[in-house]
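As structure tokens, here come the structures.
The following pair of complexes shares a single chain, subunit A, combined with subunit B in the former and subunit C in the latter.
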Partner chain A sequence: MVSPMLLIAMPLGAAFLIVLLGSKMAARIVAIATVAFLAVLAPIWLSAAISEPFVIVLADVLPPLGIAFGLDAVSAGFALLIAVSGLLVLLYSFPYIPHAGEFKGKEKAEVRYYAIFLLLLAGAFGLVMTKDIFNLFVFFEILCISSYLLVAYSQEERALEAGFKYMVLGSIGSAFMLVAIGLSYRLSGSLAMADIAKALAAAPNSYATLVSVLFVLGFGIEAAVFPLNTWLPDAHSSAPSSISAVLSGFVIEVALVVLVRLSLNVFSGAMLSVLAVLALAGILVGEMAALGQKELKRALAFSSIGQVSMMLFAFTLGSEIGKWAGLGQLLMHAGAKSALFLVSGYFIVRTGSHEIEAYRGLGRKMPAAGAFFAIAALSLVGMPPLFGFFTKLRIVEAAAAAHSAIGYAGIVVILFATVIESIYLFRIVRTLYGANAEVAASGAASGDLPAFAWIAVAGFVLLVLVGGFMIPSFDRLLQPMAAVLATI
Partner chain B sequence: MISVSAVLYSTSMILILLGLYGVLTRKNLVRVVISLDVMDLGVNIFLVTIGYIRDGRAPIYLSDAPLSLVDQASNMVDPLPQALVLTAIVIGFGVTAVALTLIMRLYERNGTVMVSDLRGLKW
Partner chain C sequence: MLTSMLLILPLAGFLTSLAAAWIVPASSKARASGAVQKIIAGIGFAALFVFAFLAKSEIGTGYLGIPLFGLWLNFGLTQLSWYFVAMVAGISLVTVLFSLQGLRDDGRYPFYYIWLFSKTFGMLGVLLSADMLTFFIMWEVMSWCTYFLLQQGHEKAKRAGAGYLVYAVTAGMILLAGLLYVYFNVGSFDFRTIQKAFSGFGAGRIIVAMLLVLVPMLIEAAAYPVHWWLPSAYANAETGISAYLAAISTRIGIYGMTMFLFAGFGLTALNLVTANKYVSANEVLMIIGAFTMVVPTFTALFQHDAKELMTWHSIGQGGYMIVGIASSTTLGIAGGLFHVFNHMTYVSLILFSIAAVEYRTGTTNLNKLGGLIKKQPVAYLGLLFGIIGLAGIPPMNGFVSKWLIYRALILSGHPFIALAAFIATLGTILSVYKLIHNMFLGQLPERYNDIKEVGWGMRLPIIFMMAVVWLTGAFPGTVLAVVADIQQSLGLERVAYSVHGVAAEMGQLNMLVINIVFIGGLFVSWLIYLAGGKRKHIGQYDNYAAGHFLDKSIPYNYNYNFYAGMEHIFERLLHKPPVKRAEQALATFVSGTSEYVCRIFTGNITTYSAYVVAAVVVILLVLGGGR
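Entry: the complex of A and B
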């Protein structure tokens, strides 16, 4: 079988190839071919990794001297999610990116867009595969730096500011993370996660707590753990919509799962109860803030904070069903939120406005876009029989099964959040289908989604549409993933 | 007597805190980036100090040295933190370059590098 190292090597190589070739057409072809190839291989790796995790030996140096890499059920599952999402978003980017921002040297910027997009994918693949805490930092930085650049892609004032703000917070986070890595190395004399876990378990409690607090501070910024997520609404709402979809769809989730996995296994659960409380606060703050937003993408970004906190809450319950539920929610959110952001990208292109009020009646002019938006929004709220209902139900079940105060508090918070979600998402959908002579007459909106964008959004919507009926087959994947999540 | 590593550890912590203070209080974006670099510097000094050994030697085995291989190994400096710092410096350089590019573009658009004059977002 082909080595899973291709997941990192291919996008990395293709990114540099694209810059060398320098033409827009070549960039598109190389990018889509690379990601499509990985998306085809990913299911094969996943089924192989579920029965037997891959151990990857780099340059023939065996552990403990070599750099530890591995592909287990969790990393293979995420590799599949990243590859498929990346493929669909690339398809969407073909018609969309020429609309994003007006500035000099647009043609060359588009080539660089595809190169940086592939770098982002390489960083995300590396982040889920690495078993070495310093490599974790390196891939984290690859992921972060490429997302700073992509957020600022349109070079509009708000995008530049959001990119800068994101970058400042991200750099503070990575400084904390490096200190945590240094402390772990000082204690264990190794950078492999397994060795650090052993050393920290034997160390004084305060030392492990210090390391894990610094690590959560560092990694939590990217994973949008409340209250470290102030950059998120700006970055996700000012980025090109294809990038918002990627950032909300899998980038925060990848960071979150790595954070949870390390907290559970390496830092011996020192921060779990704190994370559970932060998660509940994050759900409330995210959803309440989304309620008051006038801009569509800002509301969606705040809703991402709420949703990600919901996953974090499920993970911190500690039970296997909790992790299982969290992963299910993660999969649903990747489909629904990506579709919402991608559709809102074309709402912005057609009306030239970010405000929800400007989209009044747009659902009638863009029937496919409106329908996709409505389905994804309903799934996010948790309307049966869409996927979101089942994943949210499972989180509530897991919370009830925990029989703890925080579990019951979680149920109350999640149900309350669902009410808030339904208020603002239904309001948006109603605005889309509301009667408005002005939009109808102005003619600003012309045409529905272009073909490639239509296919991409339909792919994501298909997931939330049939996900509910495919729960048994998803569970065959999610259950081993949940079991592996509790190991390094 | 105060040991060298105690001095280095405290220097690194002071630099990190100074940098953090600068990032949070400066209004000029270029100064924010300089503060980030000060913070990075503190982290790098911290990492190097982890590998510090008193009277340590370079981690290279010499066949013609008067000492045996075991004695040579006894107080070698740990090379790994230094390798980490090299990587961290390169990454820090990349981040600084990206940050300055963003500031340059913002300056082209607005003619200012002050946070208080930026109106695109709520800070």
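Entry: the complex of A and C
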């Protein structure tokens, strides 16, 4: 079997190749070929990793000196998610990216877009596969820096501003992380996570707490933990919609799962209860803020805060069912939120506006886009038999099974959040299908999703549509993932 | 298995009509698509009706487990659920038959039959659920389908539907909390296991579980004070849909209430709670029911739209059902359950008649109609029969169920609740008089001179429902037989019924005698009429008031702003009712909080960096401080 290192090596190599070739067409072909190749291999690696995790040692140097990678159920599962999402978003990008921003040298910029997109994928793959904490930092930086660049891609003022804010906060996070890594290296003399975990367990309590807090909060900025997530609404709403979909679909989630895994295994357990409280606050803040938004993508970005906090809450419960529920919600959210962002990208292209009110009646003009939006929204709120219903049911079930105060508080918060979600998401859907003579008459807002975009969105919508019926199959995937999550 | 057909048929109908809408493009062949949908709906609902009655043989014969989504969905038929299933199947068939002609092909309701199928599926799913998880899943499906059904038509309907959604999702979430509570206390979703377990629980746990489960049922049943979603939602829907929703959809809440009270948590558990000297569960419910009877009924009085007036009555009549069932006496439960059937028949009859008038005149505004009796006699008779039933006047069926409820209330020692019921009936009579007068009596506005009666496609369902309202009034035993079976299956005493009413041991009511007296009375009046002196037939404009002749140019105007004087007295309450004010205050609070939360995100990078540092410091202090 080919080595899973290809997951990192291929996008990295392809990114440089794209810049060398320099033509838009070549960039598209290389990018799609690379990601498609990985998306085909990912399920094979996944099934192999579930039965026996891969351990990869680079250049025959063993840890703690060498660089260690591994592919277990969690990282392989995420590799599949990243590869498939990446593939669909790339497909969407072909027709969409020419619409994103008007600026000089756009042809060149498009080439850069695909190169940076592949770098982002390489960073995400690396982040889930790495077994040592310094590489974690390196891939985290690759992921973050490519995100900053992609957020600012359109070079519009708001995008540049959002990218800058994202970068400043990301750098603060990186600084905290670097300090934490230095402190733990001083303690254990090793960069391998397993060694650090042992050393921290034996270390004085205050030392371990300091390292944990610095690391978890530094990482928490990227994982959108409240109150470190303030960059997110700006970044996700100003980025090109393909990038918003990627950021909300798997970038935050990858960071989140790495964070959860480290909190469960490496850092002090007290962090979990802190994270649980922050998660509940995040759900409330995200959903309540989404309720007050007038811009579609901002509302969706705030909804991502709420949803990600919901996953974090499920993970912090620590039980097997909690992890299952968190992973399930993550998968559902990747499908639903990506679809919502991708569709809203074309709403913006067709109307030239970010405001929800500008989309009145657009659902009739763009029937496929409207239907996809409604289905994804329904799943996010949790209508049976869509996927979102079952993941949300599992989360509250896990919370109830915890028999703890925070669990019960979580149930109340999540049920309340669901009511709020249904209000703002269906206010949007209603606007889409509202009566508007102007849109009905105007030729400007004509045209549904282009073919490639249609396929991409349909792919994500398919996941939430059949996800509920496929829960027994997902069980075979999510259960080993949940089990592996509790190990390093 | 026949029971499974009850779920398969509407689902298949939903999918085929959806596929038909997909295949036949709405723009090019809208009419063709309409015809296809009508054929599918006609066949589907007719078959559903047949299977609903065939399935009676399968009551209690076992469970139909469907493994789906990694869960196990259990369906089964009980006496109680069959009663409601039969009503759903019957009224949906009549509604569809009425809609075949009553629904104009103007493309405003392209998804009419599609959502009708899905809504029927959701309701039947709820009714057939044999465990609590299935019940919750189907409940959610049903709520969402209602939302989609309400999301058709004009802007106002959409806004009203949005209001419904908030209530429905809230109800669903409370039910989910109840589901979890019951599951983690009992360890099973199965109703029978729950019932057994709950009979051994203390009052505290039963009260929490009952609250979490009954509140969603009361929201669905639009009980006071959680009824506010209903009037605008139903009144702005297409009139056929209004009839369907008012007739049966709201009553699923009554089903749920009955089921959880008597089958879900068990009578033993209920008795345990009601035995408490201070908190008596059924009396609390009865008081809620009393408010539901009185307040909405008197609100109906002041409505100026026929449909809105009827939707308020639909809420008010639910109060009678709640009071009857919550009284937990043999007569009361029988009356409450029978009233569900009666209400379904007469409310759909009234709304069909209103729809017939709307079809011709294009309005349901009570200030603009009048004098249509000669133009639309069938609709008039339909409305007349309907309102006699609604007001609970003999010889129609509404009288029998109300009689049972009154009697139960008085015998069980609840004179004040009975008084509330009488007052509500008074309000009903006042307002239905306004309804029939402003639509059919008085002078005909000139613009309606060329109005004709609607076609037979709409006339026949009206005539059929008239027959049902009268005949089940004359032979209440036909329905009471089913009700008695339900009572037996729930472990309660059977109501002693006869074909013509209630048997002597439970207080002798013979509707045959009443019918004979009633018809005899009519006959005597006719004789008096014949024996009377010389009569002169005059036109409706040959009239005068206050010394003035009222010709076509000045029609007499007393149907405009009917009950204006009374409205003036209650103006403050009507203008801003407390419930509405509370609802608005809550909405303002939520949006205010939302605005406040939005301020966290200042957009200023300095503040954002400060958050991060503050978070690190605070968490370090919290975690490190203690040690």
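Note that in this section the second predicted complex is superposed on the first by the 487 of 488 C-alpha atoms of A that agree within 3 Å, B and C clash if a C-alpha of one lies under 4 Å from a C-alpha of the other, contacts with A are read in each partner's own complex, and residues count from 1 in each chain.
Rule of thumb we're sticking to: a contact is a pair of C-beta atoms (placed from the backbone, for glycine too) under 8 Å apart; a residue touches a chain by one contact, two chains touch by 3 or more.
What you see is a predicted model; the values in this text were computed from it and never measured.
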item	value
Which superposed partner A:163 touches (first subunit B, second subunit C, both, neither)	first
Contacts of A:426 with subunit B and subunit C, given as first, second, both or neither	second
Greater residue coverage of subunit A in the superposed arrangement, subunit B or subunit C	C
Subunit B versus subunit C as contact partner of A:234, first or second or both or neither	both
Which superposed partner A:172 touches (first subunit B, second subunit C, both, neither)	both
Subunit B versus subunit C as contact partner of A:134, first or second or both or neither	first
Which of subunit B and subunit C A:148 touches, first, second, both or neither	first
Partner chain in contact with A:186 - subunit B first, subunit C second, else both or neither	first
Contacts of A:73 with subunit B and subunit C, given as first, second, both or neither	neither
Set intersection of subunit A contacts, subunit C complex versus subunit B complex	164-165, 168, 172, 234
Of all residues in subunit A, those that touch subunit B in their complex	134, 138, 141, 145, 148-149, 152, 155-158, 160-165, 167-168, 171-172, 174-175, 178-179, 181-182, 185-186, 191, 234, 238
Subunit C-touching residues of subunit A, taken from the complex the two chains share	164-165, 168-169, 172-173, 176, 205-206, 209-210, 212-214, 217, 221, 227-228, 230-231, 233-234, 268, 270-271, 274, 284-285, 288-289, 291-293, 378, 381-385, 389-390, 393, 396-397, 400-401, 403, 411-412, 415-416, 418-420, 422-423, 426-427, 430, 433-435, 468-469, 471-472, 475
Contacting residues of subunit C [partner subunit A, same complex]	68-71, 137, 140-141, 144, 147, 151, 154-155, 158, 162, 165-166, 169-170, 173-174, 176-177, 180-181, 183-184, 590-591, 593-595, 597-598, 600-601, 603, 605, 607-609, 611-612, 614-616, 619-620, 622-624, 627
List of subunit B residues in touch with subunit A within their complex	16, 19-20, 23, 29, 32, 36, 39-40, 42-43, 46-47, 50, 80-81, 84, 87-88, 91, 94-95, 98-99, 102-103, 105-106, 109-110, 118-123
